[in-house]
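Think of it as A, B, C and D in the order they're written, each chain with its own count starting at 1.
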Amino acid sequence: MEIVGAWIAVGLTLFMFSFLYKDNPFYKVGENLYVGITIGYFVIQLWYKTWIDKVWDVLTGQAHDRFVILIPVLIGALLLTRFVPKIAWMSRWAFAFVIGYGAGLAIPATLTTSVVIQAQATAKPLVTMPDRSPGAAKATENAKAAYDKAKEGAAKEDEKIRAARYRYEQSRSVSEYTFLTAYRDFTTIVIFVGVFCVLFYFFFSIEHRGPVRAFSRVGILFLMIYFGASYGNTVMGRLSLLYGRVLDLKDYSRQMYGFATPVILVLMIAVLAALHVKNKGKDEGHAA
Amino acid sequence: MEPFFRKLLAMDRRWIFLCLGVAVIFPTFFKLNLPGLKASPNVQAVYDLVENMPEGSKVLVSFDFDPASKPELAPQATAVLRHLFRKKHKVVAMGLWVTGVTMAKDIVSRTAAEANAKYGEDYVYLGWKPGNFAVIENMAADIHNCFPKDNDGKETASLPMMKGIRKLSEFDLVVSLAAGSPGIDTWIAYGSDKYHFKMTGGTTAVNVASMAQYVQAGQMTGLIGAMRGAAEYEMLINQKGDAAAGMDAISLGHYLIVALVVLGNVAYFVTRGSKGGA
Amino acid sequence: MLRVLWLTALAAGIAAAQETPSKAALPPVEGVAFEDVPADNGAAIQATWKKMPNDAEVTYRIMVATSENGPWFLAAETPGTENFSQDDGYPFWMGPPKNRELHYLAVDGYQAGEERVTLMPPEDPKTKTRKPTPDYWFKLVAESPAGSWESPATKLKPEWNLFNWARLNVFLYMLAFAGIILAFIQIARGRQLFIRRIAGLDAVDEAVGRATEMGKPIFYLTGRNGITDVSTVAATLILGEIAKKVATYDTTIKVPHTDPIVMAVCQEITRESYIAAGRPDSFKPDSNFFVTDDQFGYTAAVDGMMVREKPAACFYMGYYYAESLLLAETGASTGAIQVAGTDADHQLPFFVTACDYTLIGEELYAAGAYLSKEPVLVGTLRGQDIGKAVILAALLVLTAVATIGQWVTVGGKKPYKWSEIWVFDFLKGS
Amino acid sequence: MVFLKRQLPLLICFVIGTVTALQYYVPTNFSAEMSEGLSNWYIIVSMFAALLGFVSVGMVHTKKIQRQEPGWAYSTLVILGFLAMVIVGFVSGGKETTPDGRPSSYGWLYNCTLVPLQATMFAILGFYVASAAFRSFRAKSFDAGVLLATAVIVLLGNVPFTNQVWAGWLGIHDVAGVKIEMTDIVSWLIGTPNAAARRGVTFGVALGAIATSLKIIFGIERAYLGGGD
């Protein structure tokens, strides 16, 4: 079974990869299978994890209010009236439930998570005054003592000293205005300016002229940094996925899987080459 | 110079595919073990969180991804679960993405077996339910009602570990490993911001930039980003896995792409001067 | 929200509960009050009492009983130096005044032997009902090596409340924003509201002009989402505008589709544009055509067309997924002018680098509203603008307050983060 | 009839939407139970919603097969894949593993078809990213230049080895006890200016989403009713 599985997995992987050469029958086979298999998997999950678990077991159970569960089943069934043109309008009741519930839940949740809390995290003191309380001074003193001790104790263990120094610098940045405090303030300021200017950029009720233009220009630059970071990371993501496939293919080229990868690869190249020769001369626009 | 660049720009892109293929495949045969990996603050924060929780804390791990993101998120899940089991925390696993159910089960049972964790006492795998945010809302009220049975059809209420866990807010930590939405943002908006539990997670590279704001606002503690984050986590728990092995290939790929961007732009600027516009 | 202290060292607690007897008396604790916790489901009560001079040595315990004479059980315990009202977790408009002068402790259950009993009886999992909450008696016990003191018992029943006052701010924001949106949609129905010219739309004119000069077609893509998606709607509206220009200059436009419904809508829109431009005869119904609903199949087909026909301009409006990269790259390699507009922020980087102009996120909706003058769109856009203006103003004011709060002192001493307590509570998500 | 077809859905939407939105502000047990009940209903209705999608995909493909449209043979694969998965699913009782811990036929089919197909779908993009990096990512304007510069920094910083080079050769890495390495620069870029920009976008998107939700509840946005009377 395992070997058969390996051959299928390798075959389908290479089918999909063949899209790199161009859109071809192998790719189409893989893709259409994918659609069918995903739906099949989904249906099984729905059957066992939702229908049996949450509907059937309840109906056949003992709870005195068990028939209430028929209400959502009825609503769900109404959705399917979409396929019966005459009574398709009944599906609107079900859509009204689904969409109304989603919208109602989304309003307070979005307001809290994406507006109120985000605003709270932006509005911070742009300059932090040092905490002059005896407690803070004491904490710094202790951290310094620990740092000194670490320096004496372990001459070689660089990492420990560094950690102790880090803690010392951290608490010193609370009780005094140090480089770290300035760095944190700088970060706060950048966040504030960034959020402010980006919001300005997406402001459509006034013309972007004069100082408004300056703000929105800064906003664009922030957006570009966001897109740049996003781009850089996307590359990492795609490469990771590619690596994952390569690793699997390599794994399956071993003897225990009957050299699945090289064999199928050679076969596919042969077929594609044959197709290429056959189609030569015909109008053939490949995916550039 | 100019004709050369012009030719370069006009070459078939399948040559570039080939270069990338070589860059990614080469390190899988010849280990380079490039040094320099260091835990980033966000990964360290997740590690510290798990490390410093008292033994036996209740942790929910939500697998919000499917095989499409497996190379990135499976190593994260493995590393985090290993750490959780090592610290003897009680793990409840589940998922919001349907096509990830079986994959998640594999990961959970494999890491649990490594740590000799017992099903039902040390960990539970609840599986999946449709409805995205509604699942979170439902779990906040009553997990036993939301998942009447676990993934294998055992009554949830009959599992000893689940006796003490009824509501989302009873978890000491919720970890969402998400490849998109529903994922971390759903858990924050419909879960932690409303029902107040500690939230952390990991995400794919594509989503790292979008999740940064939640970390900055303190809505979640730390964030494991992509395969690199997984490699860092593996380093922190001192157990190398798939991610650490993959970093070489990814690294070469990165350098190749940087080189391509630079080369492409040089070519663009050199050739642009002569014949207005590319 | 509630800062409830669980008793873990229950042995000590039970011991204390049973031998409260006569040690030397401590001075009476002032201001002891037991109240129902505001804005909960009736699960908890809260106790407050004043900070006392000898707090450093004192341990406070809250005892609970179901009858006036006991038996008394330990509900919560705190050293005298901890648990003040400033940490009660409520915004300033709720609960006791926030400071370090008043002790605060919330209680929702007690320890009876091994068992933890909640004040609100638990739900019976079978019948899904609860017994009614009984009356409870509470007292505060202060204990120190020097002696002990206990307050008289207070009878109290935790009650449920109808409104969660801690979420009052979010409630008000919701009402206000709903009002603004509905009002502006109404206003926009009555008169024109100003929307600034979207810079990217200038590029559209240029692109159409260029296509006319070169005598090559224009490709217009409406994205991969259905007609219910806001970005698709915006894309169809912009298509209408471009089709008008195309009709006027008599160039060709090609709109490959991946959704039959969107195609039908776009066909209609294109036809109307040709009529509006006064050239109904040159309208070709097959300028909108269906390719396939499959993601990469569609992409490969469109890429192939681009390579063959070398369009003068390509427009990518609407929502895109991973295919954005392939489309924009192929378009760029054919040398076409490319204008994109999408709210798919994962795809924006690819469009920005590969296209000559990109409408970013909401700019796409704004462009649609700007061109169509549709009252609902325009009104919503203006309403959202007001929302943004409010956020901008709030950020400015609150940041100023927070920054100034770093220097200002009130009453001769630095108050406990007053700016955060007073102003930032408005921004608390509870 | 018009009431049933048009007004009633709007009314249902309004009532459900308002009740759900207000539930957030009501702390009583009844409110919690209602939320639990509604979410449970929603989960069950979601099942049918998913079915709705499947049935339409199925209908498209069966139609193709019946009419023998071009590419109809591929459509049979959709049906075939679906049937294969459903049959093994029912045979295995929906369980991924047999009692002795080995993969069941359902788990097996999942691992050797769904996993490689889905994973490869997006792995292909790795190649396209590379070719696009060379052929179309241009610093056409100052803005695009900023984007590319950030991207290059993030790309380089994402490689651990760059860090080695940075710390070892350049040596500028120790400020106030904090090692500033390539990783930290990337972390800062992502955690600060990127987070700020993203938050600015989030405000707009969130307000847009709330506005849409409000319009749905108040019956201004009624695209879900579909066409017809």
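Definition applied: a residue touches a chain if its C-beta (ideal position, glycine included) is under 8 Å from a C-beta of that chain, and two chains touch if they have at least 3 such contacts.
Given the structure is predicted, the values throughout are model-derived calculations rather than measurements.
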item: Common touching chains of chain C and chain B; value: A, D
item: Pair exhibiting more inter-chain C-beta contacts, B-D or A-C; value: B-D
item: Chain of greatest Cα-centre distance to chain D; value: C
item: Intercentroid distance (Cα basis), chain D paired with chain B, Å; value: 14
item: Rounded Å distance between chain A and chain C, as computed from the means of their C-alpha atoms; value: 18
item: Interchain centroid distance [CA atoms averaged], chain A/chain B, Å; value: 8
item: Where chain C touches two or more other chains at once, by residue number; value: 128, 167, 170, 174, 177, 296, 326, 332-333, 345-346, 349-350, 352-353, 361-362, 388, 391, 429
item: Set of chain B residues in contact with two or more other chains; value: 13, 17, 20, 24, 68-71, 99, 101, 129-130, 134, 137, 151, 153, 193-194, 206, 208-210, 213, 216, 228, 250, 253-254, 257, 278
item: Touching two or more other chains - residue numbers and ranges from chain A; value: 19-20, 28, 31, 38, 41-42, 45-46, 48-50, 54, 101-102, 105, 107-115, 117-122, 191-192, 195-196, 199, 202, 223-224, 226-231, 233-236, 239, 241-242, 244-245, 288
item: Chain C to chain D touching residues, read off their complex; value: 39-42, 128, 130, 160-164, 167, 170-171, 174, 177-178, 181-182, 185, 227-228, 230, 293, 296, 322, 325-326, 328-329, 332-333, 343, 345, 349-350, 352-354, 356, 361-362, 365, 376, 380, 383-384, 387-388, 391
item: For the chain B and chain A complex, residues of the former touching the latter; value: 13-14, 17, 20, 24-25, 28-29, 68-72, 98-99, 101, 127-130, 133-134, 137, 147-149, 151, 153, 185, 188-190, 193-194, 204-206, 208-210, 213, 216-219, 225-228, 242, 245-246, 249-250, 253-254, 257
item: Interface residues, chain A side, partner chain B - complex; value: 20-21, 38, 41-42, 45-46, 48-50, 53-54, 57-58, 101-102, 105, 109-110, 112-114, 117-118, 120-121, 191, 226, 229-230, 233-237, 239-247, 250, 288
item: In the complex, chain D residues that touch chain A; value: 4-5, 8-10, 12-21, 23-25, 37-38, 40-52, 54-59, 71, 74-75, 77-86, 89-90, 93-94, 106, 108-127, 129, 133, 143-144, 146-155, 158, 175-179, 188-190, 192-207, 209-210, 212-214, 216-217, 224-226, 228-229
item: Contacting residues of chain A [partner chain C, same complex]; value: 19, 22-23, 27-28, 31, 63-65, 107-108, 111-113, 115-117, 119-120, 122-129, 192, 195-196, 199-200, 202-208, 223-224, 227-228, 230-231, 234, 285-288
